[in-house]
Amino acid sequence: ASTGDSGSGDGSKNYQITFLPKNLGNAYFDTSDAGGEKAIKEFKGTYAEVGPAKASPDAQVSYINTLTQKQVGAIVMSANDQKAPCDAIKQARDAGVKVVTFDSDTSADCRDLFINQATAEGIAKVQVDLITKEIGDSGEIAVLSAAANATNQNAWIDLMKKDLEANHPNVKLVDVVYGDDDDQTSFDKTAGLLQSHPNLKGIVSPTTVGIAAAARYLSTSSFKGQVKLTGLGTPNQMREYVTDGTVEEFALWNPGDLGYLAAYAAKALIDGDITGKEGDSFKAGDLGEYKVGKDGTVLLGDPFVFNKDNIGDFKF
Amino acid sequence: MPPAAPATGSTPSAGAPSGAAASTAPAAPSAPAALELRDISKAFGQVIALRSGTLRLESGSIHALIGENGAGKSTLVKIIAGLYQRDAGEFLLGGESVDFRSTAESKAAGIAVIYQEPTLFPDLSVTENIFMGRQPLKGLRRIDRAAMREQALGLFQRLGVRIHPDRPARGLSIADQQIIEIAKAISLDARVLVMDEPTAALSGVEVDRLFAVARALRDEGRALLFISHRFDEVFALCDTVTVMRDGAYIATQPIAETDTAKLVRQMVGRDVAELFPKQEAVIGDELLRVEGLTSPLFADVDLSVRSGEIVGLAGLVGAGRSEVVRAVFGVDRYDSGTVTVEGRALAPHDPTAAMRAGLALVPEDRRAQGLVLGTTVARNLTMAIRSKLTKAGILTRAAENQAARVWASRLEVKSSALDAEVGTFSGGNQQKVVLAKWLATNPKVLIVDEPTRGIDVGTKSEVHRLLSELAGQGLGILMISSELPEVLGMADRVIVMREGRVTAELSRADANPESVMSAATGAGAAA
Amino acid sequence: MSTTASAAGSTGETRAYRDYGRPLWRRVLLSREAAVIALLILVWIVGYTQVPHFAAPITLTFLLQDMAPVLLIALPMTLIIITGEIDLSVASVMGLSSALIGILTQQGWAFGAAFLVALIVGLVAGLVNGVLVTVVGLPSLAVTIGTLALYRGIAQGLLGSKAITDFPSEWTSLATGNIPGTPLPIVTVLIVVLALVFGLLLHFTPFGRGVYAIGLSADAAAFSGVRITRTKIILFALAGLVSAVAGAYYTLRFGSARGDNATGLELSVVAAVLLGGVSIFGGRGALPGVLAGALLIGAIASALRLAGITSDVINVVTGVLLVLSVVIAGLLGKLRFRRLRIVKS
Amino acid sequence: MSAATTSFARRGVLGRLSALAAARETGIFLALVLVLVVTTAKSPSFLFSADGFRDLLLTPSTLVLIAVGQAIVIITRNVDLSVGSIIGLTAYLTGVLFKYNPGLPIPVVMLLAVLFGAGLGLVNGVLVSVAKVPSLVITLGTLYAYRGINVVWTGSNRINASDMPRDFLAIGTAKLWVLPVITLIAVVVLVIAALVLRSSRSGRELYAIGSDPDAAHLYGLKVGRRVLWAFVASGTLAGLAGVLYTARYGTVDSQAGYGLELQAVGAAVIGGVAIFGGSGSVGGAALGAVLLLTINRALPVLGIPDFWQGAVVGVLIIAAIILDRLLALRQARKLTVMEDSAA
């Protein structure tokens, strides 16, 4: 005997939108989900956030299942695995729940829409540009990534390799290590990198947890300023290290905007304004008009580069 | 357990033991006893282990406590030790009432106890085992290892044994373990020393040495309590003897004023006609043949057992007899030699094959090897025949109970329900379960290792009668026993082992205490 | 106590031994299994009446899908723990099986063939555990902490950062589909069949009696002709095999073969087995309790999630239940003891 | 008979040296040296750069602390699977205290967190020793429960370096002469624990209890109380590790210390602590922890990809227990020979 649920609506639209980040307690998702909450408040929906404590590939599935049972309007998630949640997502969509991915995508055929923070090419390029500029376009660099299986990370790293080969022949990518988006592991892996590669000139960490941990290691080590560090980070976590000179510049999109856009995309799907096919367009509150591109992807924009001069303007 | 025969001694009924006890208890002397227990009772759940434990130990005297298995002796000991707390009764130490909550308290009050079960720490050195909890200290309350080692060596010398003080207790023979227990108790320098069957696993020489130490302690004015099932030891060592039966006090008397027959009557409440009633049986074909069996623990062992024959395997403890039969049965490995049953060679190291060929082994350690404690009588009785009870591979409880009922009644196992746990049974009753379990396999050769160790006279004679009957039915029996009278009384042929080798094979006519002991000790023979 | 007359002498006639010392209701109702099953029913009733959406049949579908690996592996694990051993490497064998299936299918093998190889490797992984524990004589807790790292390491070493995701839909639908006309996932059939097999093996065969005997007293078992080495090796091998099956199921259910699949699942399995009333010291426990224990954990988790409580609370609940179950069992034992004594004296 | 005394005479200097060579700990130490030599040969900066040396000492420090605690518990024939979760809770408490009570002096916060760890250990100890329930079950339960409480308490919160005083974070990297402070703390703890376990009566009782708990009870040792204190010690050390974790890593989320329990048990086992109690030393466990993490860092330097690390650790654990088994067999044989020759 299920008690009636509010909003699982016949007449009015079901604006129950639940955010499902990779894991809870992650500053990046706190910011993006807050953006989502702001958007949902604007259109008077019901915001919720659930998620596993640890970012393991299967952990999101039971949450999707539960949300399906609860008949929410939409799930907005960042996938821990490209394939693992797909079957559950399919069941959700069969039951009428819209599924929007952001930050990290599943296979294109299983969700409705993917909100891309930036194109993989754009992200790879901005990081390659930053690191090669800082080390003077020659020498050894390494990558400190998140989990070995993270889809987006691996795609970026591949593109970076290609870009380096094509445009920076004197820069050599000597190692890729995985910090599992775990602060301690990333910290230890940074230490390991510096030892295994005494000639290392730069580290790229395309993950917010990784770059912060690496910066903290460098800032208290003798490598500070010697080994350059860049990648994707949040201003709040990096402020200290930009100020003390450990890091010159790093890049990111605005995760708040990303969540905001994803929430509006979910609303557009619920409203039936869009279906996720190429060429659809919808209005995302303050951010304006967006168009659905190939493979049901919506692009947020170009990555933004933070440095000493502008970091003070950002509070996330 | 109602008495089957009229008792000659006092026969207090279980219901009113205290009055009877008072009538036979010695008149209270003026000086307070070293330790005195009056009408102690103790129950474990439904089992009443002790009804009226009464005991009076005097300083400078060795006091024997005897009684059948399950009479409550060990329970009394554990109450003295503070391990159990009495349900009722009085406990006086030097005339003052005491109430031990733990063994540490009794130890502090000057009571040393050697328990029936060895209590060693296998990973620690024997020295640490002896001094655990009261090691000599040097500055900063650190343990003074050198001093501790010296003291241990001193104790070993006093006991006349050679054990490396730094060796771990793991791997010590049962006899050596018992020696360490004794060393531990002696080192406590206690006023009261309680020994619960300390000699059960000791050989003659070791027993003599223990007795010498015990007498020395008595002469120093200490009070000793000695529990044993061996009457010869009681008479050789003790000054006074107390008999218990069914958890109740029966009688206390000076050793000089009693004899074996009287004690036995008091213990069982009836006359025990004959202890070793071996009947004549037709000796038939050879069933078991062992040739040249060799392992690190024994060498070149030859022996054979015929149908209807009881072969005694005698020797001192540590002679390697158990090791031989374990190898024969396939529990242990051996390096070379052959075992044949009815002319067919037996695969080595495979008890299942041995069972199939018709061997059965009643091992020496009943509780650890003979029984699966913690499970039911029925499961234990059918453990060795469980494969035979299946239908299409399926074994049901009904089939088990059916078989268990037959064998429990055949050996008169005392239990009301088949799902009672064997762990709660008395030693003799447990031994019956083990025997029944093996007889159920319908063996051709029954090997029994110390079949009556630690069981009371009543059950003992039942076991002997059973073995004799089985031989009469054509079984071959190989019986290891450290009790000379048992071997001489039961065996048609006696094989003697010493230090892992067979040193003599004696016919019933040739076997006498002298011939067996000289072969067992090597005295007289060229070593 | 016994009131049977001790008819001394003649053998042959059968004495009156009762089958059971305690009446049926006391044996059944006071058992650990009964308590777990009762708790499971209670949780189900509370969920059914109090938690929105819990009553939907799909709850059962999701629950069984989620708990299938635990339910499967708990079967051999129960037998292993009853012999007094433990196998902590099961989840790593799942990962290894998953990685192998991924790699082989990617290299063009048919899924069935890859599955078979994974099964064989799982069996071998279990055999390695068994041999180290029995033949070499090492403690299983330490051995399987070692192979937990080893098998997981091989899985991750083989697959590196890759996740292989292309599996034929006729296979994946086996893992995700339901038995037609029921809310039960197809894997339920496997669980039921294996539960029956292991249940028979443990409770109705001489082998099973041997398993209990080993756990209660290895020495006595050896002296009774129980083949300890063989029994334990078989059990560890079965655990490896079933873990490999569970690994394949996991791979298919999520459509993703990864080296880190099912990390940490071993503790859930052990928790389910212990919650189901199996003694960690061996010798005691029964399969129905274990199955109920696993389902109980699953039911509480899904009720909590549906009630909108973050399901990480399930950790607290599982942990507290586990502790309470053993503590209460221990205290009840003591209490019963004391009460009997009072009655007697 | 008088020969007994002389034939078992105490070892001389040579004897002591040979005993040292035979000790289980020496083997691990040599393995550690081997790893260091090989890795440093390949890449000198592994050891000879300032950071290399520092990390060699610093990285294993927290694991050393909990491995020591774990060894104490294992020696009593118990196990503490909840240490990872205790680290998580105490690390978060440290962060929360700093974040919401900026006025609290650093030592007070550290003390409170360590006491909290001790309290969590006490819960384990009470459940194990009073309720007389196997520790594997209890601490598996509290592993879940403590972590669950942590997740619920933390929610999506997270402590960042900026929430904590700089002086506190400095402990994470500060040095006294060449030794990192955290390492010094670990070493001091280790030395105290080793002294207590080797040379105090209560320390030896822990071994006795682990060797045979029933015998210990019969003997009159206070089994429950000692086991309780072993768990409190383990909890306290895990609490200390949690505090130092926070100081070193600066960020704490609900997953701090996740999975460390198996590493701690692994370290103890590699270090020669018998899983069924009664033998082994905290020194061995500490060496095991250092070896484990040093190998972890050495593998990439040696060109073995990250992914194979788990496999190497697994092989190491199994090799260590096989070695222990062989050593035990050899010792048993040697003793028999010794007694025979003495007789």
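Note that the chains take the letters A, B, C and D in the order they are written out, and that residue 1 is the start of every chain.
Throughout what follows, contacts are C-beta pairs under 8 Å (C-beta built on N, C-alpha and C of every residue); 3 or more make two chains touch, one makes a residue touch a chain.
Keep in mind that this is a model prediction, so the values were computed, not measured.
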Contact distance in steps, from subunit B to subunit C: 1
Which of A-C and C-D has more C-beta pairs touching across its chains: C-D
Of all other chains, the one whose Cα centre sits farthest from subunit D: B
Centre-of-Cα separation between subunit B and subunit A, whole angstrom: 74
Centroid spacing, where centroids are CA-atom means, of subunit A and subunit C in whole angstrom: 38
Where subunit C and subunit D are represented by their mean Cα positions, the distance between them in whole Å: 30
Cα-centroid distance, subunit A relative to subunit D, in whole angstrom: 37
Residue numbers of subunit B (touch at least two other chains): none
Residues within subunit C bordering two or more other chains: 156, 160-161, 259, 264, 310, 312
Multi-partner residues of subunit D (at least 2 other chains): 151, 274, 307
Residue numbers on subunit C that touch subunit A, as the complex places them: 48-49, 52-56, 58-59, 62, 66, 156, 160-163, 165, 172, 176, 250, 253-256, 258-264, 301-302, 305-306, 308, 310-312
For the subunit D and subunit C complex, residues of the former touching the latter: 79, 127, 131-134, 136-138, 140-149, 151-152, 259, 262, 265-266, 269, 274-276, 305, 307-318, 321-322, 325
Residues of subunit D that touch subunit B when the two form their complex: 1-2, 4-5, 7-8, 10, 195, 199-201, 204-205, 207-208, 210-212, 214-222, 274, 277-279, 331-332, 335, 338-339, 342-343
Subunit D residues touching subunit A - in the complex, by the definition given at the top: 43-46, 49-52, 55, 59, 151, 154-158, 160-162, 172-173, 245, 248-251, 253-256, 258, 297, 300-301, 306-307
Of all residues in subunit B, those that touch subunit C in their complex: 1-2, 4, 41, 43-48, 87-88, 329, 331, 351-352, 354-355, 361, 363, 365, 368-375, 379, 383-384, 386-387, 389-390, 393-397, 401, 404-406, 408-412, 414-420, 437
